[in-house]
Amino acid sequence: MSQLFSWKWFHRLGSPRWFYQTSGKWLPWLSMLATGLLLVGLCWGLAFAPQDAKQGNSFRIIYIHVPASFLALAGYYVMAIAGAIGLIWKMKLADMVMKSAAPIGAVLTFVALVTGAIWGKPTWGTYWVWDARITSMLVLLFLYLGVIALQYSYSSQDAASKASAVLSLVGMVNIPIIYKSVDWWYTLHQPATIKFTEAPSMHPDMFQPLLVMILGFYCFYAVALILNTRVEVLCRERRTRWVQELVASKCT
Amino acid sequence: MLTTEPNTDLFSPNSLDLRALAFERDDRMLFSNVGVSLKSGDILQVEGPNGCGKTTLLRIITTALSPSAGQLLWQGQNISQVRQTFLHNLLFLGHLPGLKQALSPEENLIWWRRLNQSQAECCNNEVLARIGLRGYEDVPCFNLSAGQQRRAALARLLVTKASLWVLDEPFTAIDKQGVSELESLLTEHSARGGIIILSTHQDLGIPGIERLSLRHESLGQKALDQNSPFVVDVA
Amino acid sequence: MFQFENIQEFIQMGGHGPYVWSAYLISLSVMIWLVVSPLRRKRKLLRDINRQQQREIAQQGTNSSSNLST
Amino acid sequence: MELGFSAIFRRDLLLAFRHRAEIANPVIFFLIVVTLVPLGLTPEASRLAEIAPGILWVMALLASLLSVEGMFQSDYRDGTLEQMIILPQPLYLMVLAKILVHWLVTGLPLTLLAPVLGMMLSLPEAGYLPLVFSLLMGTAVLSLVGAIGAALTVALKKGGLLLSLIVMPLYMPALIFGASTVQRAVDGFSVDGPLAVLGALLAFSLLVSPFATAGALRVSMHG
Amino acid sequence: MELGFSAIFRRDLLLAFRHRAEIANPVIFFLIVVTLVPLGLTPEASRLAEIAPGILWVMALLASLLSVEGMFQSDYRDGTLEQMIILPQPLYLMVLAKILVHWLVTGLPLTLLAPVLGMMLSLPEAGYLPLVFSLLMGTAVLSLVGAIGAALTVALKKGGLLLSLIVMPLYMPALIFGASTVQRAVDGFSVDGPLAVLGALLAFSLLVSPFATAGALRVSMHG
Amino acid sequence: MLTTEPNTDLFSPNSLDLRALAFERDDRMLFSNVGVSLKSGDILQVEGPNGCGKTTLLRIITTALSPSAGQLLWQGQNISQVRQTFLHNLLFLGHLPGLKQALSPEENLIWWRRLNQSQAECCNNEVLARIGLRGYEDVPCFNLSAGQQRRAALARLLVTKASLWVLDEPFTAIDKQGVSELESLLTEHSARGGIIILSTHQDLGIPGIERLSLRHESLGQKALDQNSPFVVDVA
């Protein structure tokens, strides 16, 4: 095993120090990109996109709701895969990424739920319905919360990472099952509007700002993940020389 | 009680090497550069002040924890390669007795023997009598005193085929007679070619015992803040 | 093209204003928290490490010459 | 290889038998909690009949959940787990034995009791057989999945409710298909579909759970 | 005299705070279990609305019940209880402090969460305020009554489910009046009656429980 | 660590009498006719083989168990009449340390002091340093080694105002230096006019210590079948 993965790049990738320094260079550009995309998308979606024929202006919630939903799901996979890498190759950086990804994913799931619930009131007349996608989103929130709670319950950082990696992997296997089963159980939610195989059933004027927002959310997710991971790196490597030197050079 | 006709089966020659073991817990170096070579017949007493890492070291030897650095060799081979054979030859008794409170000493012993693939039913009563539990064979363990529970756990030493014993403070709660009987049991095992590693704060009356001292360099704040490792010397 | 006659209408959003604005406000504030909280944690962490370094320097100082201000 | 399995299996059965009163516990919990429902909801037979399939399944799930917590706890506390981990035998087999015993002393009795409680909640005739079959398979899934959570939380102080958080989402598919088996039977539809899915879930968790649980136990012990 | 009370009160709050994640646990259990109900029963809002008052109360009761188990357990395990019993201070006051903390970290959050879950179960408007008030008093009764059971079972291995057996019957009055408060409000009747009964239950258990619990603890420790 | 300037406050004269104590558990007589008189300055070591009833006797003295026969007198009065004053004067450390695992040694100590109505905030760090836990004041107890946990519990000895100490195997898991420091702490307490009752299997280096041997008459089946009581003699 150790021989198989002793390539230089893998070690470098796994080095928290390398990550800290490289991400430091990328971060300003990425955050500028994220801010720009989000601002453009927000203005476009809130003020310039045409209003929906049936739903009126409440439809503008989509520009938050859908990107947040996408990233909530994608974030779970990011977390689980990072966990798997940490578990299998004992890469510390991956553990840190997993730990940082959990709260971000949970928050985005929360955003998807809240915006969806708020959107439900004018559209369906109720804040909550037990539909497949909504329910599985709620389950996703529970899965996130479980991982976070597990992280904070262990006293040893190593054990915490491994335990939450195991849980997030089991959860990852379960997400499709849960989704399928809830879907089978009841469906009331809107059919998928964006399919990668067909043209979107949305008007392009509405769809383009959505695309901008989705891109913006992806960038935002990356920024948040990097920021959190950087703190985690500093925190866990606080006793190493490079962090000590970094602090010494910064504070004097 | 423990003085019985000595079992004369000899173990085939064994060797266990700790090579430059180090252990770091939450970024604090607990000990480093621990190296000892043990062969058949050796008894090693791990000593040191409270919190110096004796229990940690023993758990590393049982492979329950992995060291941060260094190697463990069994018969000259890295332990990860021969883990199964190594575990077959290992008996570990930790701080916790590993007894089911609801079961009697006899049932606990039977179960343990079954797990270790020895004939489980043979002469358990004799074994328990030798360890000082005559009359308590079928009392549930939660009705035993501290020392009796410890004895019920120690009964395993009498029925094991393992050649390497790792014992963490085995004398806890044992009365004086029990201590001397346990000592002769250890001597006997070493005479048969077994290896024993034990941690204890008491001085033992066993001749020819080796000692490994894990010493705290400074008990104060320093040890926490800086990575000052514990100093190790083998007497 | 701006979809609303004036700012007033923009805020009301044809009666759906409270829904839309609360959704956006909640989301944005939570997302801003996502970015701000690591920044704050990092500042605090750097301060802690720095303070510890100072303490160690001071300790080394007192070890050699007994009366040094910390 | 099989020795570890059978040794653990026999010991755990013996322990369960020694604590006879505690075997009864999940069953009694199930009984009491199902009794609470009419008190809190409504005593009308017709309305109870409507919710009976769902309530029975939800409560059986809760009863199983609560008992899952103890699966490894006593082994952890008294040091047996520490010993099991360094035994020269595959841990997942021992784990499987423990899970099997757990199912035998909780899932099975729950299943057998369910028809009686169904009667108390005026479950329509057609529901009984599907109830039993779905619980038979479903509780096994619950034990298997629950074991993973129990292993992850065993070293934590007061892990009990954290366990529910971890395990509940994983229980959902079993609940959905279990309850809908009964509901469909009551409504006069075929139950082959959901039962087949339950079977698939069982097979899948049988494959995954012992390994995941063994891994989780190792992690817990290293803490 | 008050020293024992305040010392225990402060320590237990500190402990609860130290285990922040665990404070959240009963609340999360409540949340999850309420989520399970629609999955097992029906997703239709109108039918959910019918059963919402009962389900909410039953599930709050279960959440409280589960958390009651830990009330004295860790104190027992680490020998603190042994110490408390031989302190020259009235045991019932210390017990009262523990019960109070328990309510603060479980009953109160449950009460505050209930309206949200009511919304998810489409509870009609009129039910929210009575739900909160009845739970506010009811969970306090549950904590008080549960403490007796927790004290009786603390020395038993795996007492968890035995506890439910002991405590559930004692919970019933609170459940009946609590759930009917909400149900009556939803149906448009006055809720003064059941609320008054809940108040009386609270006063009574406040008088009896600390003494009964202290006695039960002594019995447990002599085992 | 424990050697500090001796606290010179003397206790007012105390006396504790055990009169013909007997204890029967599940129809089996564990010991009978145990009688000792202790007064200020006395140290009593309860000895005997495992399972002879030392822990039981100590728990009777703390009033946590009641004897089947016999009386306990404090200052010449029956203990049931003066239970409150007696408990005010009592410090008990049992097999279990009575530590909250999630709290640090310091928090545990503060809590314990609060319960015992002493000023809780004063000089806890010094106390912990003296007991050998410098640098571990705010580590949660579950991250301490066996001996460190024991020390955290023993810290109470340094801050208590109780004159009667009842200690069940206080030396468990404590290292050699700790044992000798603990011994001097006990001597000091006795010099100040306190009374100490402790059980241990080790020989203590304290001069003038009294011994109470609970002796098992027959370790075998007999003790279970017949009601043969343990023989008691005070050296």
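Should a chain be cited, it is by its letter among A, B, C, D, E and F, assigned in written order, with residues numbered from 1 in that chain.
Definition applied: a contact is a pair of C-beta atoms (placed from the backbone, for glycine too) under 8 Å apart; a residue touches a chain by one contact, two chains touch by 3 or more.
Keep in mind it's a predicted model, so treat the numbers as computed, not measured.
Chemist: Same or different: at the chain D/chain E interface, is the fraction of residue numbers used by both copies above or below half?
Modeler: Counting which numbers both chains contribute, over half are shared, so the two copies meet through the same residues.
Chemist: Looking at chain pairs A-F and A-C, which one is connected by more C-beta pairs in contact?
Modeler: Pair with more contacting C-beta pairs, A-F versus A-C: A-C.
Chemist: Any idea how many Å lie between the Cα centroids of chain D and chain F?
Modeler: Between these chains, centre-to-centre, one finds 46 Å.
Chemist: Just curious, how far off is chain E from chain A if you go by their C-alpha centres, in Å?
Modeler: Their C-alpha centroids are separated by 36 Å.
Chemist: Mind checking the centre-to-centre distance between chain D and chain E? Centres are C-alpha means, answer in whole Å.
Modeler: The answer is 25 Å.
Chemist: Going through chain B residue by residue, note those that touch at least 2 other chains and give them in order.
Modeler: Residues 95, 101-102 of chain B each touch two or more of the other chains.
Chemist: Would you pick out the residues of chain A that each touch at least 2 other chains?
Modeler: Expected reply: 139, 142, 145, 149, 153, 155-156, 182, 185, 238.
Chemist: At least two other chains touched by the same residue of chain C: list those residues.
Modeler: none
Chemist: Can you list the residues on chain A that touch chain C in the complex?
Modeler: 42, 46-51, 56-58, 60-61, 64-65, 68, 100, 103-104, 107, 110-111, 114-115, 118-119, 121-122, 220, 223-224, 227-228, 230-231, 234-235, 238, 243-244, 247-248, 250-251
Chemist: Provide the residue numbers of chain A that touch chain D in the complex, in ascending order.
Modeler: 139, 142-143, 145-146, 149-150, 153-156, 158-159, 162-163, 166-167, 169-171, 173-174, 177-178, 181-182, 184-185
Chemist: What residues on chain D touch chain B, complex-wise?
Modeler: Touch residues, chain D against chain B: 3-4, 6-8, 10-11, 14-15, 18-19, 74, 77-80, 82-89, 221-222.
Chemist: Looking at the complex, which residues from chain A come into contact with chain E?
Modeler: Chain A residues touching chain E: 126-131, 135, 138-139, 142, 145, 149, 152-153, 182, 185-186, 188.
Chemist: Provide the residue numbers of chain B that touch chain D in the complex, in ascending order.
Modeler: Touching chain D: residues 62-65, 84-85, 87-88, 90, 92, 94-103, 107, 111-112, 114-117, 140 of chain B.
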